[in-house]
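Structures for review follow.
You will see two complexes here that share chain A, one where it goes with chain B and one where it goes with chain C.
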Partner chain A sequence: MDRVMSNKKMIALYVLPAFMLILALIYIPIVLTGYYGLMRWDGIGAMAFIGLDNYSRLVQDADFWQSAYHSFLLALFSAASLIGYLAIALVLSGDVKGANLLRKIYLVPMLLSSVAIAQLWLKIYHPTSGVLNSFLTSIGGSGSVEWLSNTKIVLLAIFIPIIWQYAGFYILIYYAALKNIPSSLIEAARIDGANPWQIAFRVKIPLIANVAKVTVVLAIVGSLKYFDLIYVMTDGGPNGASEVMASYMYHQAFRSFDFGYGSAIGFFLLLICLVITWLIRKLTASGDDIQYS
Partner chain B sequence: MEPTILAPRKFARLATHPLWRGAGVTTLYAILAIIAIIQVFPLIWLLFFSLKDNQEVFNLSPFALPTHPKWENYTKVWTEGNISRYFLNSVWYTAASVLLTVLLASLVTFALTRMNWKLKGPVLGLFMVGLMIPVHSTLIPLFQMFMKINLTDHPLSIILTYTAFNLPLTIMILLGFYQSLPREVEEAAVMDGCSVNRIFAQIVLPMTSSVVATTVIINMIYNWNEFVFINTFISSDHLKTLTVGIQNFIGQYTTDWGAIGATLMISILPILIAFFVLSNRIVEGITAGSVKG
Partner chain C sequence: MVKKSLSIVMTVAMASALTLAGCGSESGSKSDTGTKDGSASSSSSEKVTIKMMHLWPSGSSKQQNMIVNDIINEYQTANPNVTIKQEILENEQYKNKLKVLSASNDLPDVGMTWAAGFLEPYVKGQLFAPLDDTLNDGLKDSFVSGTTDAYAIDGKTYALPLELNITPIYYNKAIFSKYNLEVPQTYEQFKQVVSTLESNGVAPIALGNKDRWTGSLWYMYLADRLGGQDTLRNAVARTGSFEDASLVQAAQEVQDLVKANAFNKGFNGLSNDEGKSEFMNGKAAMYMMGTWELPNFTTNETVPQAFRDNVGFFKFPTIDGGKGNIDSWVGGPGVGLFVAENSKVKDEAKKFVKFFVQKWGEQSVTKAGVIPATKVDTSKVNLPQMYIDILNELGKASNITLFADVQMSPSVAQVHLNMIQALFGNEVSPADFAKNHEKALAEQAGK
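After this line comes the complex of A and B, so read on.
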């Protein structure tokens, strides 16, 4: 067994194709992004080494920081909504009839392409024929809100479909984790006289702390690199009011042909995502995994 | 919205009273049902307006059923534009990437769980870190690389990129299953002088068919919906997929809601059908891919 399964040629044959692919298409590009970030370059002509100029420009670029602020707001919004998803999953994982069907229904938007979702929500937000303003009129509100061209509300208007898209995903993850808790533990708590709230807060939630940690990382990092819906629905507008880091990077590189500066933003985005992942894991690592059994 | 958040003891005691319990349960069901409606209603509304003409869209309530379903909206967009072309491109890029991803990921997972070699840890680590890398941090170098080797505006750039970026998740889903597989059969096969390739292809791969099916459907959904890469690497109209194709197509029909609705319905229909048939597998794949992280 050992001899057959230690054959170096066979191991290389099995591992190398996939490994070369992620090396060439994920890891080498990351290194190159860092390298291009040190250049002045329009993407076509020759590169000129300018050291950290792109980064000092980044630090002073108010437009970039505005987009970063929007990305962080989205991250905060997404992380806060996790509490709601957890509450829904707690209810759903109790003895709710049709829970299996409900969690699948919740998931549907996540399976659709961002372009389709964006186009659909453009219609929902349509000032005169959209379903949202019609609904507001029918309940006596003002039915003429310009959801996507008002700089004050565009950001919120763009966050809602993002939440709509991913809600089912997080509910599903919490639901699966809660269903994984051995029923004997919950039964034992009940016999000891714990009421449903105590069972939820003292037994269930501590037991799924690890999964909760993963969802916090997913929600925050996913928000910081978010791009699709915003690009299609508002393209960062009006006037940068819904620009986020990824869309700003895309505009700098593929619209303004400032590939050096775009690369610097891309590299900065990578660093933020990695640092934040590391930070969340570090901050939440202190509480040892609770084992009740 | 859900009382678990409040949690003081007084509420807890009240909640156990039969009368309150009945009211509480009704409220909870109502909340769960409202969320389900919010998640699905936009899609039903989309189906409605895809079957309307502009007369109905602009003059009647958006909640109204289509009076005479205009199926010709569908035949019009399918025959007039390039939608059928985009559709076929989506099918074949998706099929090729899924096949390549699942095959390469199975080979790597087999080597990681069955073969003996020293660099297992770091190689697995590189695959897993791949999950955290923002796509935008690789976009400019990938675009440059494909340009240099004349692969921009070529299906191969798309298929290879999709494969590379989906390998980490696919390996992660496969890994748990491979680790739980019994090894007795393989050990016996080695005793009988069976080669590694035959053990993989004729013993292990058939045993993993259920998890392979899960990874296939998850990969299919992600590739079908992908937007950033195809939008950046492909410029010829006849090579585009549905996600970018409908984006341009809708630009020409800005005021024809019926045509836009029909286009969107066509683009999401395959995913919805897959969901109705394979919802359990999809749920399994999504939870396996994140709960273990």
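After this line comes the complex of A and C, so read on.
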């Protein structure tokens, strides 16, 4: 077996199928998107090369920057919510009664498809017959908040289901990482007289720092390219008040039939995600991983 | 280090997943649209296969699907050398597939398209064949006058419409009689009706404006009644300005309606279906929508009989001092049939399209409740009264203004629809509403 694995040709043979798939479905489309971004193209007729015109238009497009602002706001909220998930995972990984059941409850939103979640929250937010407004009325509020049509609150209203949707995923990642910590380390800390807070902040969290970094990247990049709930629930409206970069790209390409510009937005989005990822890794780089064992 | 670069690669992979959606296949050789004249004309003995793509699956559009099959069978019986192969897709998938096929220059011989703005890129790409010869071959007079115009670009007609819709205001007779309300004849009376309903805690008008074109209907009618049938059309066609006083005034009227609480709560966040349900469950008194909703108010057994009996319709009232005519409608043809420019069986396909349009006109309204773009003789058909009334209204319509978002090119339509939502949400002043339209239209014209 070892001999097979040290044979360069064999390695290439094993790697090839997956590599071809990724190449055909991911890297070639990226290159093509970059290429289309240099064109004026309605998706049907002939293309015309226009150089970087799409990008200079992008830089001056106030609607795009507004949607970019919304995307970054979502990234901020998602990243901040990670702290909450970590706290929940810390509690669950301790010896709490019913931790198993709670863990499953938190995971349920993960199992629903985005469209189902969107329909569910549309019902909750319905202005006249929605659960939320009925609840507000029953506790004495006016109960007439227009969650999805008031431009001032629509963004917040739509962030909540998005964050809720991914809660289970991140809690599960943290939980698994925390469960991986050898119990001998925690016992040793306990014998040394550490209280639960100290165990959490001095032992557990540093040990899962690597996982935490990955989740930060996942949360931020995931938010920047977020699309589904927004598309179903508000379609970026009213009048762009909940538009994010991905939905703006979709609208330009598939509604305004401006595939050249849409591709430019897509490519730009990719660049933003790359830069952000690189930045996060730079900022969180802390030399060697902590090892206690 | 390996780990680090691996995770970067992973992130690239994740981030780029969404860019996939934007890529189509390489556009093939577009110039090669010439047909081989000799082989195209088929003698009656030669075997011919016509590929047809349509969007009426037997599941969601059972009646339409049945009619299509009947017509095809009839045609194949009459022309034994012809085989018609169907490909059926749902609406959105249909649109996407059409786009992909046209990029590879591989359109079906006969297919369905929408009017004006949707049609334009296909015509510019020389993918659809002009059908004027078919139209002038005795077919022209059977269409409701003006309906084929929506499929004409630079004087040539590229598709023949199958559906025609106008948009009346439906109202709930039970609610109207409860508050002693009459069908309004003038806009003043209409506003009176709205304020009476509103003060009694009934939502006067059901509207789901997340879809935006729904609100556009209201604006279009106000523009028509104030400025007459040509003002908006001229502004879009660039022979007039969108900053015309009547178009600004129409925007003002929309905001006055919103301020008078004429629409159900939270309409800007509700889809058309959600807005419609306010009317269907009797919470709202009026609902403006295309005549494609007629089955729900007449024949659809899943809607309670009591409700269906209570629905009536009226025409958008005239405004004092406005130039509009009460018999002018907002509406337009729905899907139409096209013949692909590079089809190898173009002549046979055109013959089939002509046959289809005629047969469809005879059956669609009685069998599927779809009003065809061809004239219907109401004395000969057995239909619910509401259909007869609508068909009679169609007969005496002075004008049908095409839906604004269909009239405009796709990118201007997006500006229009967003502005509509902003207007209804009181986020833009009527003057800026007009100015933004004017700017988008001027930019488009300059391209």
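Keep in mind that, in the parts below, the second predicted complex is superposed on the first by the 274 of 293 C-alpha atoms of A that agree within 3 Å, B and C clash if a C-alpha of one lies under 4 Å from a C-alpha of the other, contacts with A are read in each partner's own complex, and residues count from 1 in each chain.
Note that contacts are C-beta pairs under 8 Å (C-beta built on N, C-alpha and C of every residue); 3 or more make two chains touch, one makes a residue touch a chain.
These numbers come from a predicted model, not from an experiment.
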Three-chain arrangement built on chain A, chain B and chain C clash or fit: clash
Partner contacting more residues of chain A (chain B vs chain C): B
Chain B versus chain C as contact partner of A:228, first or second or both or neither: first
Which of chain B and chain C A:22 touches, first, second, both or neither: both
Touched partner set for A:256, first chain B, second chain C, both or neither: second
First, second, both or neither for A:42, with chain B first and chain C second: second
First, second, both or neither for A:281, with chain B first and chain C second: second
First, second, both or neither for A:239, with chain B first and chain C second: second
Touching partner for A:187 - first (chain B), second (chain C), both, neither: neither
Partner chain(s) touched by A:149 [first = chain B, second = chain C, both, neither]: second
Touching partner for A:88 - first (chain B), second (chain C), both, neither: first
Of the stretches 8-16, 44-52, 62-70 or 152-160 belonging to chain C, the one that collides with chain B: 8-16
Footprint overlap on chain A, comparing chain B with chain C: 22, 25-27, 29-30, 32-33, 36, 43, 128, 214, 217-218, 221, 224-225, 227, 246, 249-250, 253, 259, 262-263, 266-267, 269-270, 273-274, 277
Residues of chain C that touch chain A when the two form their complex: 4, 7-8, 11-24, 27, 30, 99, 102-103, 121-122, 124-125, 127, 209-210, 212, 264-270, 274, 278, 283, 410-411, 413-414, 418-419, 421-422, 424-425, 427-428
Complex interface listing, chain A residues touching chain B: 1-2, 4-8, 10-11, 13-15, 17-19, 21-30, 32-33, 36, 43, 83-84, 87-88, 90-92, 96, 102-116, 119-121, 123-124, 128-131, 134, 164, 167-169, 172-173, 176-177, 195-198, 200-201, 211, 214-215, 217-218, 221, 224-225, 227-228, 232, 246, 249-250, 253-254, 259, 262-263, 266-267, 269-270, 273-274, 277
Chain C-touching residues of chain A, taken from the complex the two chains share: 22, 25-27, 29-30, 32-33, 36, 42-47, 122, 125-128, 144, 146-151, 154, 214, 217-218, 221-222, 224-225, 227, 234-235, 237-240, 246, 249-251, 253, 255-259, 262-263, 266-267, 269-270, 273-274, 277-278, 281
Partner chain A, residues of chain B touching it in the complex: 1-2, 4-5, 7, 9, 11-13, 15-16, 28-29, 31-32, 35-36, 38-40, 42-43, 45-46, 49, 57-58, 61-63, 104-105, 107-108, 110-112, 114-117, 123, 126-127, 130, 132-142, 144-145, 160-161, 163-165, 167-168, 171, 186-187, 190-191, 195-197, 200, 221, 224-228, 232, 242-244, 246-247, 250, 257, 260-261, 264, 267-268, 271-272, 275, 279, 282-283, 286-287, 290-291, 293
